[in-house]
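Both complexes shown next keep subunit A, but they swap its partner, so subunit B is in the first and subunit C is in the second.
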Partner chain A sequence: MTMAKFDEPGYYKHEDLLKVDYHPPRTGWMDTPVDFRPGTYIYPGKAKNLKYLDLPNPRNWAVTDEDWKLQENWKEIVLDGMAERLRRYRTFRLFMDICVRCGACADKCHFFIGGGDPKNMPVLRAELLRSIYRKDFTALGKILGKIAGARELTYDVIKEWFYYFYQCTECRRCSVFCPYGIDTAEITMMGRELLGLLGLYVNWAIEPVANCFRTGNHLGIPPHGLLDTLEFMVDDIEEATGIKVDIPMNKKGAEVLFVTPSGDYVAEPGIQTCMSYMILFNEIGLDYTWSTYASEGGNFGLFTSHEMIKRLNAKIYAEAKRLGVKWILGGECGHMWRTMHQYMNTVNGPPDFLEVPKSPFTGTVFENARSAKIVHIMEFTADLIKHGKLKLDPSRNDHIRVTFHDSCNTARGMGILEEPRYVMKSVCNNFFEMPENTIREQTFCCGGGAGLGTDENMEMRLRGGLPRGSAVKYVQEKYGVNQLAAMCAIDRATLITVCDYWAPGVKVTGISELVANAMILKGEKKRTKNLRLETIPGAEEEDTAQGNIEHLETIEGMHTTKGGSSNE
Partner chain B sequence: MTLRDLLQEKKTAIVERWLEDILATYASDASSFLRRERDPFANPVSHAFRVGTRAIFENIVEGLDADTVCRHLNEIIKIRAIQDFSPSRAVSFVFLLKKAIRTELGNDIEDRQLSKELAEIDTDIDQIALFAFDIYSRCREQVYELRVNEVKRSVSALMGRFTGNDSDPESLPGPSGGNKSSGNPKPDSLPRLSDDDGLSGDSSSVRGGKK
Partner chain C sequence: MNVFISLAAVVFLFLAGLLGAGAGLDALFGIVIPYIAIFLFLGGLIYRVMIWANVPVPFRIPTTSGQEKSLPWIKQSKLDNPSSTLGVIGRMALEILCFRSLLKNTKTELHEDGHVAYGSSLWLWLGSMAFHWSMLIILLRHIRLFIEPVPGAITFLHKLDGFLQIGAPVFYVTSFIFPIALLYLLFRRLGDPKLRYISLVNDYFPLFLLIGVGISGFWLRYISKTDIASVKELTVGLMSFRPVTPAAISPLFYGHLFLVCVLLGYFPFSKLVHMAGVFFSPTRNLANTNREAHHANPWDYPVKVHTYEEYEDEFREKMKAVGIPVEKE
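Entry: the complex of A and B
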């Protein structure tokens, strides 16, 4: 058929022009194989890393290869692995059985919301595994097959698992909405364990695991390297504040062992977060120590397998024992919290050799940490501020209009909701919340947690980061927010990218950095530079320190101690 | 009555149809969610499309202003540019407006002899499609930039720390390195952080250590 030209009236009647098929193919989900489009998947774990950890089937392969070089009896391995885990983990069996497919979780996953791929609906993500479970472990599925939602375990299914179980950040947002409390993150973890039996890992998670196992941190920084890194920070601290802080390292008999994610050793704004811990500890005179053996607060084992959680966490556990500390303090980390509070007691045994954490400055006993004996830096700092142990000048942060991203693990996982807010409001005069359905228990993931925070899957991360990014953009437009605070090292790395794309102009910061910039330190020089060594707006013109303290004391709810030592 | 008056009168119907057709470009489970959920934060995609399509349509009716149109196009395209669409499908939504106008106006165009005016509107839409293509390309470029920036951020911090040199971004492996796990180049410019089993001497360990 010939089409009319655009200057002929016929053209404007024709719909031919528009007869492009805009509709995606409609095959059932079980029959739609994965399309590995660059930008959406993560590179596989390298053989050397698997070998280092004694993991099965180490070899180099590529996701786009037809043949993933699986073991000959791969099917048997997976089914046996599944049977074993169904026996070992009651939750797994339960989650396989009780979903009623009500759909309440379906539209709660950031990857589905941002990307629109139905297999990113949590219910369907779980079905990827459940369909195999039905086929091989339930009578109905064995007989009825597809009608009962069961399907055969094939090579394509394995590929599909690899794709979608590494498109779940184990953030647990979906579980908040499930009437049965089904935790899809746990299902993802099982899926990843099964993949691991075939030697299928992502390098961005397994290499840090191998590094950590070997050197004590994900980055593979050796002991002297760690010391060098911290010494650089000490220099920067001195430049910004005029104060030279100590680096207590591997100190036996210290009261507290401090562990923080290694993301804090490199790259802004982690470095400034790390500098801020040191400033805080120095100022209050905390008897603490770093460790070169347990130099990682994070635990990428959590993104790998239960066995790996145990192997990595054992180092912190052993080091606390060796050094003879009383309790552990953790830096601004998200998933450390899940590991410590939900797994340590069962994987490495409750650390009974430690004491229930008690702040030496306020006498506060952290009852919530009675079992795991580890306190989050935000709990610790909030308690100090509450008891007036820090001298603060929040006006130094007046150029900052800050909002707060609740990290999935600390907020949804551990309920640390109020402490960070209290701290931020104490050190910043301009704090703004994002919309209610995007914060606290309902917080949206950064899109890069659980081993997804690499760069090769950037498109996928941006899809996942869209809901968070939209909420940031909203407060940016409405309140002029220019900084996004987060207390998790993965967030501090990945949200920079999320903001650059979805809310350009918003910078990312750790909370401790805001605290350290606001702290008036004993013997400090006139603070004209912040910890990024940028000039603090307005600080050049006037000597504000004294005026600000006076001003501060009149502000209701602010806590400043008069006079010198806050060390009791 | 001019076509523009008519378009103004039928604005809601046309824009809604346009939006419907755009949402129909998603898989059925997704498009039913996108249609149903009205909360802007629970469903930021539809919200952006809803606001954007209306603004673009109004702009066409009132007389095309490139800056305004591009600003609104950007909000839609930056989403579609990172979703599972080919370039043509990512921007094809612009043409769906032609279809929406024809469907909603039905015979009015012929009855009222508005074809000539419609040709003008169509030219505007074609123009918008060209803008859309530019914006799409920019978004894709940005995605690659973001990748490179991430690598630079983590690696350069390390370079400074351990070598005392300013990093040279040109010497970094860049986003294309390591597409295949085998044969990943081991750039000399990167510091070896630990001794010699090669666990941490290459770029991915540096990136892998973000946390």
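Entry: the complex of A and C
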């Protein structure tokens, strides 16, 4: 047996990770330097990526280096950058001024809960920046210095920022509980922008950004590669359903442009989610198109800078215009929807050349998207189901006992909570909610959002994933839950690790996959395989719900009662 | 350390007021400093508010805490995810009057077996509400010291607050709740290691200052009674810009007054500006209408993008080879 390395979950013993010491160290936080322990920090952005994007100070360096090769005048750059942002963002200025350090946010952050490092309390994460603000931008801080909570901007402060602003997944859970709505994600975004001015990025975010700028998607898939990928999926769809679907690609004059995160092009369960979109669109006969240029709905610019959000996202409306579509439909993703919902219309809009989205099948006008002209796949699907436009056999999903992970961005940056639940309950007979402190607006991050989902950050991912993992384990033990649905590409990648570690036996799925498996398609063959090309339990012999439940009980050896917290 | 600095500073300030006035500096503590304090308070507060008001809100980023407005048959959470001005007003009113977000507060515990448990934790909410509301009532009660005749509403408030009529003088409920709530907030800060770790002088000082104001006020009212008529002479004098320092006022009153003046002067330059700031918070005071209406960024600027033309130029041959339509053959 080979020993696991720090970038593998097996390296970490459960009992070690669970020994969380919530007692702060003896030294005050200003006097406690960062400990760059492998497994808790992310590798720096490579020079070639910064160069490609024309970002400042491209060079290769290592986090553990003494010298991070900053510009001569790094201090001035940071302070000027702060001054500029304080003039531009009311959030930044206000949040620097009004925190009362009541601590209501302290134990709301998954990284603090799972790790106990006091600087992962949202309030202290913000203080890392606020202390510099006091020193250089407030009267009392200038006069009284440390007594007024101010401190000098030093090289070590920069290192500390780099560590802790990349230990925040910008999930905004803290801001739900803060009496003033102070959003530490916003402060993290400012912190990361300031670091960016010094050429300090993490490669796991900036490489996708560079890829995305060039090829249209984070993974760097070129146009012919994308077509290839989708063609593979078409074959798998045919194998599972007997139906051959089309791939409309860069098709001018289509009614709808479909964009989805590139996570859906690779690896299970992303690809099944992607196949499911194709099945759905084919079945209802949607006149749509994919785009190789707008082949990414996600936007790692959100984890980089406001400017980068705009640079990457410009392609979406540009492509909609070039192809002459009427409106845009977006796939299952979290941070993509924070961008599409809260930023896109401002940074790249308004897209007056598009039409107010209207479902060609139900006639529903999506009033809430009347200006941005982009509709969420769950809004679209819920509307179809409500109008009886899909033929569904939920019993095909009876071997699945599913719970739902609200993604941070869609929950707290949009509020799409009921649509996915309605869809899931329409296609699954066994739906169970996790405890109420861990869902909806109080949902917990997967631990790997905002550019943190890389393997070298494994310890932090497992720690940050603990609250979610614990909630999954709870419903697994209580209701026999065996699948966790999430409408987010990052979740579909990172929650696999989290579940394997904290709630082994629970698989991760996209919601659309559940829909496509339950859909009775025109001319389909007898469905014995699901989209993962696994045999559907019970499908061979008998197709009744009863049979499936019994099957489940025998294979899982679990006592399962229906209902319970299943939220109607 | 931070605690002692703060406590010492407040004790020192109180004694300065008390002894200063005792040593014949009535005019300084009764006239000059109050004017400076009011000036700093009003000027500072206006200055702070103007700064916030002048910083744009480039993006519409409400923290949505409930169901969005979408399909007509899905029930929107109109207060937690408002899409109209009315909804926003409701959300803000509940936030400001009831500290609604603190009502959601939970205490998180990690058990040894890896189970994370959440308990409701309302003490902070309770202590905070008790402190703020009793402070507001006490402030309103003070109006009788400034205005003649005393407005009816204020007299009514006195009656209400003094409903526990235990002999004379009338005991006001808020006189007790105020310091008790503050002491709770102080001990909470000291008792919880996390909170102690994040607490600065900026946090202890206002607590001690407010406790000092509360206790000295209590003393003035119930223990060594001041001559209200003389106090009123002073306040009315200050307000009419014909200041006087009546001789019958005790040094203790000046101690109280000085602490209040320090509080006023300190207010705009400290975290206490949250009183005004809470109204400005973009995560709370914006409607979630991002896709419904365009929100303009006043400092928006053009950025370098990768155009479709550049993209096609790089990949044209590959695209043609697999039959993806291109613009330029």
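By our rule, the second predicted complex is superposed on the first by the 516 of 568 C-alpha atoms of A that agree within 3 Å, B and C clash if a C-alpha of one lies under 4 Å from a C-alpha of the other, contacts with A are read in each partner's own complex, and residues count from 1 in each chain.
Following the convention adopted for this analysis, contacts are C-beta pairs under 8 Å (C-beta built on N, C-alpha and C of every residue); 3 or more make two chains touch, one makes a residue touch a chain.
Quick caveat: nothing in here was measured; it's all calculated off a predicted structure.
K.L.:
Among the partners subunit B and subunit C, which is in contact with a greater number of residues of subunit A?
P.N.:
The larger set of subunit A residues in touch belongs to C.
K.L.:
Output check: A:A489 vs subunit B and subunit C. Expected answer is one of first, second, both, neither. What do you get?
P.N.:
Only subunit B; A:A489 stays clear of subunit C.
K.L.:
After the superposition on A, what does A:K391 contact: first (subunit B), second (subunit C), both or neither?
P.N.:
After superposing on A, A:K391 lies clear of both subunit B and subunit C.
K.L.:
Using the superposition on chain A described above, determine whether A:R192 touches subunit B (first), subunit C (second), both, or neither.
P.N.:
neither
K.L.:
Scan A:P467 for contacts with subunit B and subunit C and give back first, second, both or neither.
P.N.:
In the superposition, A:P467 contacts both subunit B and subunit C.
K.L.:
Touch check for A:R125: first (subunit B), second (subunit C), both, or neither?
P.N.:
The answer is neither, since A:R125 touches no partner chain.
K.L.:
Does subunit B (first) or subunit C (second) touch A:N211, or do both, or does neither?
P.N.:
Touch status of A:N211: first partner only.
K.L.:
Which partner does A:A106 contact after superposing on A: first (subunit B), second (subunit C), both, neither?
P.N.:
both
K.L.:
Just subunit B (first), just subunit C (second), both, or neither: which does A:H405 touch?
P.N.:
A:H405 contacts neither subunit B nor subunit C.
K.L.:
Please indicate which partner A:E419 is in contact with in the superposed arrangement: first for subunit B, second for subunit C, both, or neither.
P.N.:
A:E419 sits against subunit C, while subunit B stays out of touch.
K.L.:
Shared contact residues on subunit A for subunit B and subunit C?
P.N.:
Residues 18, 20, 22-24, 106-107, 113-114, 118, 121, 214-215, 222, 228, 435, 437-438, 466-467, 470-471, 474, 502 of subunit A touch both subunit B and subunit C.
K.L.:
Quick check: in the complex, which residue numbers of subunit B touch subunit A?
P.N.:
21, 24-31, 33-34, 37, 39-45, 47-48, 78-79, 82-84, 89, 92, 95-96, 98-99, 102, 109-110, 115, 118-119, 122, 142-144, 146-147, 149-151, 153-154, 156-158, 161-162, 175, 178-182, 184, 193-195, 197-200, 204-211
K.L.:
How about subunit A: which of its residues touch subunit C in the complex?
P.N.:
Its residues touching subunit C are 14, 18, 20, 22-24, 28-29, 54, 86-91, 93-94, 97-104, 106-108, 113-114, 118, 121, 123-124, 127, 138-140, 147-149, 172, 175-183, 186, 213-216, 222-224, 227-228, 249-252, 292-293, 306-307, 310-311, 314-315, 318-319, 322, 341-343, 345-347, 349-350, 364, 366-374, 379, 382-383, 386, 411-419, 422, 435, 437-438, 440-442, 466-467, 469-471, 473-474, 502.
K.L.:
List the residues on subunit A that touch subunit B in their complex, please.
P.N.:
Where subunit A meets subunit B, its residues are 6-7, 9, 12-13, 15, 17-18, 20, 22-24, 26, 35, 37-40, 43-49, 52, 60-62, 106-107, 112-118, 121, 203-205, 207-208, 210-211, 214-215, 217-222, 225, 228-229, 232, 261-263, 266-268, 271, 298, 300, 333, 335, 435, 437-438, 453-456, 458-459, 462-463, 466-467, 470-471, 474, 489-490, 493, 496-497, 500-502.
K.L.:
In the complex of these two chains, what residues of subunit C are touching subunit A?
P.N.:
Its residues touching subunit A are 5, 48, 51-52, 55-61, 63-71, 73-75, 77, 80-81, 83, 95, 99, 101-102, 104-108, 110, 112-116, 118, 124, 128, 192-203, 269-271, 273-274, 277-278, 280-284, 288, 290-297, 299-300, 303-308, 311-312, 314-315, 318-319, 321-322, 324-325, 327.
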